[in-house]
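Chain nomenclature is as follows: A, B, C and D, assigned in order of appearance, with residue numbering initiated at 1 for each chain independently.
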């Protein structure tokens, strides 16, 4: 029986182990994907240190793959495009469709996405950090347009899709809005891109270190604020005011996850402005915050995590046809499967902007 | 092997035939429903006359049933409420979750709802006009709250859910809006109810014959306009203007399906008002209409068909706790399964407001 | 020259002084209003203690008055209704129409509303706590419908209009939403009323003391949580969860202004729920808050202060025709002009729910 | 007394007459504008042929001017930017702020904009086709940013502002939407620009003659459909389907005003798509239309005329900083004031895309 390799999480803080697994037979409706590329996400790194996280598990949820085999009855992608072996795809677990969250159009409470499914039972291969990934019957599939590189396709599901979801929730970016992006990591870069394509007038990126801010400029930022230079929150708030005619930004998007960031953002947004909070994904416990600003400035605010299927369709198309910036440059580090632990380290040290595993390289 | 009866559509304009079917065995995840009540809808009557409609088919898509048997693994409804045999439920086919429409949050293109599935293959029992209805594995289920009668529960899926969907699409009814409802059938009555619960100031129902308008008043209409009395569209438009301080209605909801109704509605809505079009479900071919009114009056307009799962959750809860009007009075005619053709006739002659089949009576 | 009296703020913490003023001549376009009723608002009480607040000033911005004299050219109200001397009106300063805020549809930055204008210069009479109030040329006017009592008309501009503005900003209350109202003062009562008219399924009011909660029940609350009984925030959060099937409330409206309220509200709202923050009008400085909840639960959140003209039109019509609850009972204390300081005291001691001055009683 | 010239409408179908007027003295708050540029709009041409249109009147409502003199008390523009003589501005009559439309945030019912005010009374100079234009006290003013040319500034109030208003009303263009623009005149070109800046994937412009379609490509159109080549509506509908993967366009914007255009647009938009109707500004009487499509396809639809002040702020900023396309090329013809009738003719013959008058050239 043919086998393949995958990197397995075997317990908190232990190195991921590359193990061998059988390549499974296909049920009707299932798809076997040969993995091209999977990004190391902050969530993977976080879970890697979490003693309560279930194991064994194959991480990797930002994935690009190629159809190796199509199960019986799988003929087309979500857009009705015919599928065949050798086509590159983006995929998701299909939501259950019958839980409360599915019924209100939010993220399914029942179905886990690939990269978050325990690997103890066959077919085991449920995460991107492996040579193959097995999609359960009736997966959600999107064929990657031929002219679109794997690198650009991957960026559509890093930052961009989540921010797009969030921008919808705050009622959109209006033509000529000034936008502040807090954070210069992959999510911040996605927010920068989204603001640009939505017609922002001025996009200000706050972050560090300087090379990331340089990259931000290359990706379309009009202004950057280096937190190494503007060390105090009040300095950064003052600088934003200065750059927005004293009025504050029309839209602020928090992508940093920093402990002072939320309060800073409240101070940066203008009266009747909007604040999208993507970055506060980890519980830092209670922080000193003045909700008074929300009322006084009549701020519209939304949190967001993840995205809905149509956001992925849209960001993939965007990477193909709308955005001219070299977003593929955000992928700074590439590792073969055997170097998965080095990839994690490059993420943790902030050395990599985006580090990817090439499981079949 | 136990058997049961169901009324089968066997071809256009032929009487529905009550036929015998085996009561099927349950797959894991499936549910066998014993039908309590199924309404005859205008769509059923329309399809009954359509030579291109597939047969055999068991009609009936506005249904209330009781759980006869639960397949393995079915434990809770959409709200997380435990389920057991004997519980009353509202149900739907679960959407596929991977087609384009599912991905954008619209009605699934792939999965047919019960009442629209051919009956030629086992388990056959796929419509409400039968003693039993077989729900495929993983159905969408909502337990009917104990205090809520079958009659009121049924009304939640007649008119109300579709209109609620539509009202969302036009951005809601604002507090104290004046609302015109074109049509005094079941959909119009649902629109009346929805307008009332949304805080309308004045609801004007246009329709006929007089007993239906009387019923509309009992359901909360402030004013009615009898099309038998106000025979010309321009008279009705003038009357609406008179009842809305000369300004026109804030919101118009077309539920009549009449050939002059759309143009009338455009004339009735005020500047910057809203127009929801539920009733134009059949293609009457080109009609004389002046789109100029849409531009000049800056009208917001939306069509709507059917509903999403959360609308059903909400209308069922509404019937249980929010609405005090005796909506159950809209069910004017009740028939045993054997009289299904008489039920259809009572609908076609406008004799019945809502006619229901009681398949196990 | 005819004179009249008004209560004047003459410096922080000093008793308001009833002083005599000339009744002014009317410019073209101006209106002289004989005051019927003006409510003591928390803002008045707050400003009364503020050493930086300008004086002399006649407070009173929640007002009902009668047209004493109409300036040349004033013929109709905002709805086109003819005006004459003796008509009762609600009024506002007309926004400038050319500042940034006016241009984006937010509250005018330039024009001060009546009750907030210094009284040092003629025509002096610019607040509700006086026998007459002088409206500058081209005021915004709404005739009070004849069947509507002064008491009910006044309640339309206490709480209700602001909350209505806020509910619009969070995208509305959906049919059958469960709503938690934090606070049982006048704003909380307005939130309760607004939730009811918008079709809420269950409204839970959190507050104290017990008589206010009794009143809340009379105004339509389904459940109340007494903060004297449920002393700890976590108890109140647990109770809300219990009352909302463990899921949390669909909508939370903060109307209390308490220092723990914002964090509590974040904990009470369900995943993908909405949080409207009306009460955090005063700066308590930094409070311990976990913004993580906003991201994790994908909360939609909005602050709000004051209202726009159309909200007043709508709440006045609502009091006239939509709401059947005895909202006039919220006016618990009535004082002649000379007892204005007693009125303020009744507010500060929480003795009064709403205290009003009857300047011409 | 100093005098100046202006072109005056003196009755339907009569040539506009260049007449002499005194340059008026300034009231406090007023502004005297020296006109730089005023576009001939289809509305001007239409009114020129309208026997019921009041005269004398100085047309010209799409205007760029320079501050000649500032009345007392006029210090800043809408963004708070200081103003001085010699600054270039865009201006509007300030809305009344107290009519019903103002109260609901729609176009003022009371105040006429410059270019639509009879010229029979002093100060006469109320339209753009004159050397000077007198702004009544308290006008709405926006300083044109120094780097922005008059040509580009003018284009911000031709098509773009109205379409931006409309796009807001249909809930925005979503990232990667396919957009069909019906019409290749100035409004259509504005729609094309707006779709591009909002992140459209593919913009298809339908119009004629070929040079306009060439220009559309230069302005960013991906595809054009020549109505001279695709003569039948059904051919154009088929072509749009072909260009949108058989699904129809996500968004259609009607800017042509053609009698078949509305029905064509309904056929071009996809299920659950959006249709913005800008072009149906003239009453062609009843046209053959099938409202059935609106219901069946669950179309969201909105009419729009004109814009709100914030749309102008945004389109001016857009022309300055967001849009890189050479929109100034749309100004194809320039005329001195004395050739105003030739300018009108160049518009009527479709020879000019945009014809402008340079009143002080």
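Throughout what follows, a contact is a pair of C-beta atoms (placed from the backbone, for glycine too) under 8 Å apart; a residue touches a chain by one contact, two chains touch by 3 or more.
All values derive from a computational prediction rather than experimental measurement.
To find the repeat of A-C among B-D, B-C or C-D, check which pair has over half of the same contact pairs by residue number; it is B-D. Simply put, of A-B and B-D, more C-beta pairs touch at B-D. Centre-to-centre, using mean CA coordinates, subunit A is 41 Å away from subunit B. Centre-to-centre separation of subunit B and subunit D, using mean CA positions: 43 Å. Among all residues of subunit D, those that touch two or more other chains are 79-80, 100, 104, 247, 313. If you check the complex, the residues on subunit D that touch subunit A are 79-80, 164, 168, 172, 174-176, 194, 197-202, 245-247, 313-315, 317-318, 321-322. Partner subunit D is touched in their complex by these residues of subunit B: 100-101, 104, 106, 169, 247, 262-263, 271-272, 277-305. Taken together, the subunit B residues at the contact with subunit A in this complex read 78-80, 94-100, 102-105, 138-141, 308-310, 313.
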